[in-house]
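See the structures that follow.
Across the two complexes that follow, chain A remains constant while its partner is chain B and subsequently chain C.
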Partner chain A sequence: FRLSSLIGHISTCPSLIGQCCQRHPGSVDEFQEELVIRPLHSGDIYASFQFRTLWDTDFLQEGQKVSHYRLFPKSLGQVLSKFSVRELHISFTQGFWRTMQWGQPFIPSPPGAELWVWFHDTVSDVDGNWKELTNVLSGIFCASLNFIDLTNTVQPSASFKPLGLGNATDHRFLRYATLPREIVCTENLTPWKKLLPCGSKAGLAVLLKSEKLFHSSFHSQAVHIRPVCQDEQCTSKAWELRQTLNVVFDLYTAGQGKKEWSLFKMFSRTLTEACPLATSSKVYVDITDNPELFELSPATPLLSQAVVLGDRRTYSVFDLTRAETFGQLRSLNLLLRWKGDGGEMLRPLLHAERYVAGFGLQTGEIHTVIYNNHPYRAFPVLLMDSVPWYLQLYIHTLTVTSKSRDNKPSYIHYQPAKDRHRPHLLEMLIQLPPHSMTEVTVQFERALLKWTEYTPDPNHGFYVGSSVVSALVPSMVAMNTNFTQDQPLFSSFVPVKEESSYFVRVYTEPLLVNLPTPDFSMPYNVICLTCTVVAVGYGSFYNLLTRTFQVDEPSLPLAKRLANLIRRIRGVPLLT
Partner chain B sequence: MAAPLTLLLIVAVTIRAVLFRSSWAELISERVEVVSPLNAWKRVVEGLALLDLGVSPYSGDVFHETPFMIYLFHFVVDYAEIVFMIADGITAVALYLSIQTYNKNVFRKQKYALESDRYPADCLELLRSPKEMFYIPLKVAMFYLLNPFTILSCVAKSTCGLNNAIIALFILCTLKGSALLSGILLALATYQSIYPLTLFAPALLFFLQRLYIPVNLRRSSFWFFTLQYAFIYVGSLVVITGLSFFLLGSWDFIPSVYGFIFSVPDLTPNIGLFWYFFAEMFEHFRLFFICVFQINVFFYTIPLSIKLKEHPVFLIFMQIAIISIFKSYPTVGDVALYMAFLPAWSHLYRFLRNIFLVSCVLLACSALFPVLWHLWIYAGSANSNFYYAITLLFNFGQILLVSDYFYAYLRREHHLTHGLYLKKKDGTEATLVLK
Partner chain C sequence: MGLLSDPNRRKALTGLLTRLNTPICIVCYLAGIVWFMGLAFEPFTLRTYMSENAMGSTMVEERFSSGERALSLAKEFDPPSACCGLNGMPVEWLVKAMQSRGLEVFTQSFSRKLPFPDENKERYMVRGTNVYGILRAPRAPRTEALVITAPCSPGNTNNQAVALLLALAQYFRNQIYWAKDIIFLVNEHDLIGTQAWLEGYHHTNITGMEYSPLQGRAGSIQAALSLELSSDVITSLDLVLEGLNGQLPNLDLANLFYAFCQKLGVLCTIQGKLQRNDWDTAEGYTHAAQTMMLMVLKQACGRSWGDHGLFLRYHIEAASVRGINSFRHYKTDATTIGRLLEGMVRKLNNLLERLHQSYFFYLLPSLSRFVSIGYYMPAFGLLAVILLLRALDLWVHLGAPALAAVDGVTEPSSPGVLTVLTPVVISHLTGVALYLLPVHLQEMAVEHFPVSETEAVVLTAIAIYTAGLALPHNTQRLLSGEGTEQGWKVLKLTALLYLAVLLGCTALINFSLGFILAVTLVPITASITPHMPKALYAVVMVLLSPAFTILYCVFIYQELIEAPVSVSEGWMLFLSVISQGILDHALYGSLVYPLLALFIYPCWLMFWNILFWN
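Up next, the complex of A and B:
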């Protein structure tokens, strides 16, 4: 016992310079944190936090229950073992990522909440597990994920392959759902921060203050859990938990119009120490455009180069595990001052937009526009659309045009919706010609729902979740396929299988669609009026069926009738 | 009479062809009064496209036609316009021939009754003459072919036209006396939409009347024929349903077609009473009111059959009208079918009480439907209540029309047995009331 705890202590000490990520034999779990700051040409600044916990244990082993949790959060571990989850990806996003202005994000996410889960193939009732899982996650993250049910869950057949280990192809064990209407606020950030080993008390997480984080153009927090290989030969498996937080601070709202950013201005805190439980704690600043665009202080000799998203970028590295990083004031406050106007940003190679066309509340058309900005290479993209059942898609009106010519998709998987049971799922593999714009249009009809099925503000409209465009984009720079231990976290999120391309997932805008509404104040009136009309029909037919024609004899006035009654009793002849 | 009928057919086909080629065709095929989720052409094309993609058309909730339609349109989808024009022509010719046969029957019975002195002396002016009856079949065909409702339904390529053709052929076979064909066609009509089931009773009554079998539940001859006819009907229905199973290899079409008709899950506005009622229904009572509304369609069959057992053709008219008014997804094509019969009862004109009001209501509503739909859906200045009100009024007008003709028919029958100029006990002129 003493030996293992001693080894555990060694692994958490500030480790050797440069080789910080060398795993000590016998260590069970390990935690790394990193922050990447990328200044953008428009004057905004993009900060991406990643916190990774690696733990070699097996949650899904039969019989053995994992009970000793250290760095890995117990709530998530219990969720994994109870529901036999192989991979879990959940993200909460406020705002929409503007690819044309900000480039590609390290970890893409759609507006609202998104949850996709690969279950283990031993699960017999995937839908039951999914329902319970969404409710449990709803409690863990204080979000209304309980709105995820079968009416907005789909099983994509090709778009969401596992990002971790495993060669699963049976998409019956995959579930994907998105809640575009979900709002992210402090309530969701606090439980997310609690999952970190150091909480928000030490390390990079001290910067996560909600007043500043939510005063931004884009805020996305995510949790990704997947099984990974521990080494190049993949002799043993480990569970990886990554918590990522992407935030883009706007020049005008958060930056007060001055193109000068610092950690204090962004987060109202500075860094004072690394998390003691972390084996590596680093801050990377993207200085590829330095010194033309901006200047960075304090300067640092540590530089690192990485090929990420098809581009070779240079980073200044601030290692928080070394005491000299903090200087004399014992605090690190990075300052970035813009010098010139910059130039043009490198255009992202893949970009997508979506909008609704048409007028009136009866029909409409969904247009998805995908741009391929590569000058000479064509590549295929997989487009996945999940449309709610109350917008009835007409697949025979599906048209795909590139450069004003018909472009037939080579693979179409379409699952039509069943009213009130499941949504539409459309997946297509489209070949994008080089330097072109491809437009996918499909017509739909809007349904009239029952009055109880409308949201509290029905004239706000109904949200349609983002489309997902997944592609292997040809890279101008050779990607690094080697598995190295000291790779920065931001370049190792998506596994790189080949040198010539990198994986990109682009989310389009969610749509807001109006449906025709009945008058909500009228249920009783409608029931009465319709039943009246039916009763008029019934009454007329009843009269004609049960009565016969008779000659109308006038009846005696009342006085004479009473007199006749008395006369009948007396036995005297009646009046006429 | 063949020449005027041919001329009528040519005029009708020309009007439809002109409208098919104009820009109005697109507009008309989207109107909710003309197409419903059950018989829209867009959904037929969608179902065939799904079949091409390898997905069963019944796996989603967009296609609600029977497999017979898939089978038919799989081959003729490129000639759809011609198919619908031919269907309209078949309906018109079938109605023409059946009304001609009916008139002959009526005149023959009238002649026998006159010879056996069964009519009172003063109702000779109620009797029908061949001169008056000569143009009635042509008028019936004209009322069907040139009715704007029928033209709209044909231009929209609503499969209601095909259903009408099957029902018209059924009426023709019944009136010609062929029980086998009548049973088969009735089974086909029931298979297409369930409501023609109620036409079993009038067809049975007609055959019993034709074969001089008295309608007496105690006599074996009655049961013998009823069982024969029922056997033909149910047998054909089973065979047709079985063949549908083999087309796609599954029973999916039963909940998709018949389950859809009965449980009304789709609340797309139409000219009927169901959609808004069930859009505003409390969830707790939904099943109860579905049952009530569906029973309402079938409920009038037995009482009407008892009252009109001597007059099965008028009973067919009444049943078709009741189906068109109270079915779950009515369209103007269904209305056009029973309106085609109205010239056959033109001799009842003197006894109709509300005909002016009814025709004004129906005309006004037909004009207001598109206006209020536009105001609700496109302009946004009205809401669903406006369109609902016109729906109520339109159905009310139809109910008044049908009950008015029923009243007039019964009154004429009463006069034919009791005399036209009735007198009270003291000899003054009497008024006739229903008591």
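Up next, the complex of A and C:
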């Protein structure tokens, strides 16, 4: 029942989606923008942008072709209708979210690119649609998504449920792939910014300057598209496009060690206006630790409370649609001055890490360590691991241990790999005892690739994507299940069903594994030498060793042979 | 091959080889030695060059400037708790220092009980803590890492290096360009600490170490540098490459060090020897030959000559940089050393792949010249071929009487398997005893004799070694009567081929060890027969046995590092070398001791057996 409750939780009941009640009546689509700034314990600063476009239309309705676009980007709308996409989540991340120092992010993502798509259940050729979709998205986002093929695509049975309307559970219509090696840079940011109604001309998006965004510890940008309810009664559905961008600025490299942050220091810009197309445009600053740890200027009387990730936080709200926010200078430059001295490691309730154990190029062992730091509550987690085929998992060596005792998973879904066709997929539901460390180990053997299958830099190693831990973590405070009231965007992405727990997804670090690699720098030497040795040396020696030799009788001259013939007839001794 | 498939010409060839066997063998032996000595002659060697593109073409500007701060830090680190004093490492101070520099800091405690007390370093029950801080590279997914280590152990004042490490960490933390995480490791009890940390990092346990599991990791380690600055005044930097079992890091790492020494004008040495430019003079050649011989000796002994040596097993290219005070007036300040390390780490940070472009098998007559495997292998090949020639000779001789028997001459039938097998088995059992007994019998020995555990182990080893000489050479007579002419020939043939295979395999892994063994073992094993004057040849054989080879190496090594020793001092050193060899095997998995005890010594005993055949 644990599994069903967890899965049920991740998938959303229609009644829960009612996040759109504050919209102007009569408008077909609307746009909201939001920036959350959270000073982190370590002295770093976390800035999270969210842009939401809602459109009351249905791309998938038969016989109705959507051709008039206003705020919703046409390039994505066409993709949705052409490939019958029900839900699409794509993220590009450069860096690894340091849970131990930064806590939980609002929307987690693994290093590299991640793409997961739920197709409509009318699609007959899901693999074909998926292939084409990845190629189209690769063009839209200027990324190497075209490298997604069947060898790195999996269909998780429980870990990725639709976040939007509808309760599809048939995972045949789900495709999930990651590209851990994908490098995210300006060429991915520009097309992402172009999807915004105001582009980077006005509103919060003016802050998105690539030279600053990529001078940071962590950068992640994502696009989430899903159907949601149009109103509280959920009579018809609307499409929601959420564009998120998360960035963490480093105290030492970006802040020059001074614990003082301002919008200008972070983005080299200040805010002067909201996007004219936006119905709401707000900046939230997490001031829960104020005033012991830092002080914020300018102060604002507008405060908002929100329960995010099991924690009640207080935010100062700066509404950019109101002129008084910008003050006399006509610009808003927030200033945060740290007083405290952080640096201590955090103990997030759920935390996971992964590494490769062993040495040598024949075998190895993948260790996944999951920490439950809750002092007294046990809770189940879903662990999903997708391992490329060239690491041949010995699934019989799979062990799960908590507190040095065997911990039997209550649900295991394992799909073995097929060489060159399909990766391993391992999903497990594991109960984590309170205040414990659970270790999942599985041994593997490194496959020998064909020589054309090596990457151009084989000695760099081969990547194994992050494993995904999804869990309902017990909450310290009551979660807000009431969706009728206006909520900030960052707290409303994953719907909450019960008050006592909240949903968290944790990604582990990707692995870099060295495979046995031939010396490509001198292929000619190797090939020529071995061929020569084998052909000439071995052949002749084998010949010499197996054959017996006898001395030939030298043949007689013709005259003597004739003479012998006559002598044999005569019965006289033969000549030699 | 046509030559061999024609029976007449084949017979002529084998005839030639058997007739001229001895001269050819002598020529081969001399040629091998001369070839080897020629390797140090500069015109025969190659100039080193950077093979790795990622490290060669990219320019790096060094800006580290807080060398003075490092020096004052070293003073702060030194007096109160005395870092490397008796109280052990100031773990808390280090943790705080690293944390305040913005690193993720973790500790690992470990303990290890040595099989017997190590008298050189005065330790038996080892308990310690490693402290390491990870500098997380911005926007990197924790897949790759570099390691900088500074050992900090009692009795060895390395606080300069620890302070420099911290100063570097502080400087590195403020830079944006890192693509790989950098791990700053301060390990206690030098090699034991490194071993514990490496085993913890890779979650293996190959040597029976007890350690607490590591909390923080940073993916696969690409390269490591170990820093040892034992004195306040540094005049030159020495590069140490020889690792466990004679493994060497990729030559590009040495090139990188050399390139930065050149760039920053730092005096750099290898084997503690500066480079000379006068290769055409006798002194110049001798200098290069000495440097190379030192490398050969160090590599042959198969131990790790610095913290870096243990990294090599994990496919991590590593080298130690050692600051030396040789009382020259030219001094290198901490800032320059910091810049050198900064430059090296930045270039390693630029690596796209693991270091693999350059050579893994090489000898260095100087830092700017190297001898690759293709050049030094013939020297060994010339020695090894002697064994094969002798084997061929014996094979022909053994085959010839069979032909003669057809003519009606009665010959004793070929010897039974037992005559050959018995000495082989007995020799190997002696070898097993030599391998197992010294460590296991130490308690008994300590009870009955007035010696310490360490002495007990070493003396037991020597006793078993000597006893082995008396043991086996009578047994086959008991089993199958008087030893026949055929018998010893078959035994010698077996032993020769066995030795050839052994030395060949050893030389492939550790050329120096293989070559040194070949130089001493080949002449006597090739020439030994039962018909020689026994007393004389027994002395010669003993003088050329593996144990005496070690003794000679001790003396030559001391001579080469310009610290000659008297005979009694040499003997004490010899004893400590044996105990170190056994300890290295137990602690780090060095393979030289088992190789000598289980294979080389039994093989030598087989030849000893032949001498006393009748």
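Everything below uses one rule, namely that the second predicted complex is superposed on the first by the 494 of 576 C-alpha atoms of A that agree within 3 Å, B and C clash if a C-alpha of one lies under 4 Å from a C-alpha of the other, contacts with A are read in each partner's own complex, and residues count from 1 in each chain.
The criterion applied here is as follows: contacts are C-beta pairs under 8 Å (C-beta built on N, C-alpha and C of every residue); 3 or more make two chains touch, one makes a residue touch a chain.
This structure is a prediction, so every number in the text was calculated from the model and none was measured.
Of the two partner chains placed around the shared chain by superposition, chain B and chain C are both touched by A:F359.
Applying the stated contact rule after C-alpha superposition, one finds that A:Q392 touches chain B and leaves chain C untouched. Of the two partner chains, chain B is the only one that A:I527 touches; chain C does not reach it. With both structures placed on the common chain, the touch criterion links A:S281 to neither chain B nor chain C. Contacts of A:R420 after superposition on the shared chain: chain B is touched, whereas chain C is not. Using the contact criterion defined above for the overlaid structures, shared-chain residue A:E553 touches chain B, although it does not reach chain C. Applying the stated contact rule after C-alpha superposition, one finds that A:Q256 touches chain C and leaves chain B untouched.
In the superposed pair of complexes, A:S540 makes contact with chain B and with chain C alike. Contact with chain B, but none with chain C, is seen for A:I412 once the two complexes are overlaid on the shared chain. When the two complexes are superposed on chain A, the residues of chain A that touch both chain B and chain C are 359-361, 519, 536, 540, 543-544, 547, 549-551.
Across the complex, chain A meets chain B through its residues 359-363, 389, 392, 394-396, 412, 414-420, 424, 447-452, 516-519, 522-523, 526-527, 529-530, 533-534, 536-538, 540-541, 543-545, 547-554. Only residues 30, 32, 42, 45-46, 48-50, 53, 55, 59-62, 265-269, 273, 275-283, 293, 296, 300, 303-304, 306-307, 325-326, 376-378, 380, 383-385, 388, 392, 395-396, 399-400, 403, 406-407, 410-411, 414, 418, 422-425, 430-435 of chain B touch chain A when the two sit together in their complex. Per the touch definition, chain A reaches chain C in the complex via residues 94-96, 98, 100-101, 111-112, 180, 214-219, 250-254, 256-257, 343, 345, 353, 355-361, 365, 367, 457-461, 463, 509-514, 519, 521, 536, 540, 543-544, 547, 549-551. Note for the complex: chain C touches chain A at residues 1, 4-5, 7-8, 10, 99-100, 102, 104, 136, 138-144, 173-176, 202-204, 217, 219-220, 313-315, 352-354, 356-357.
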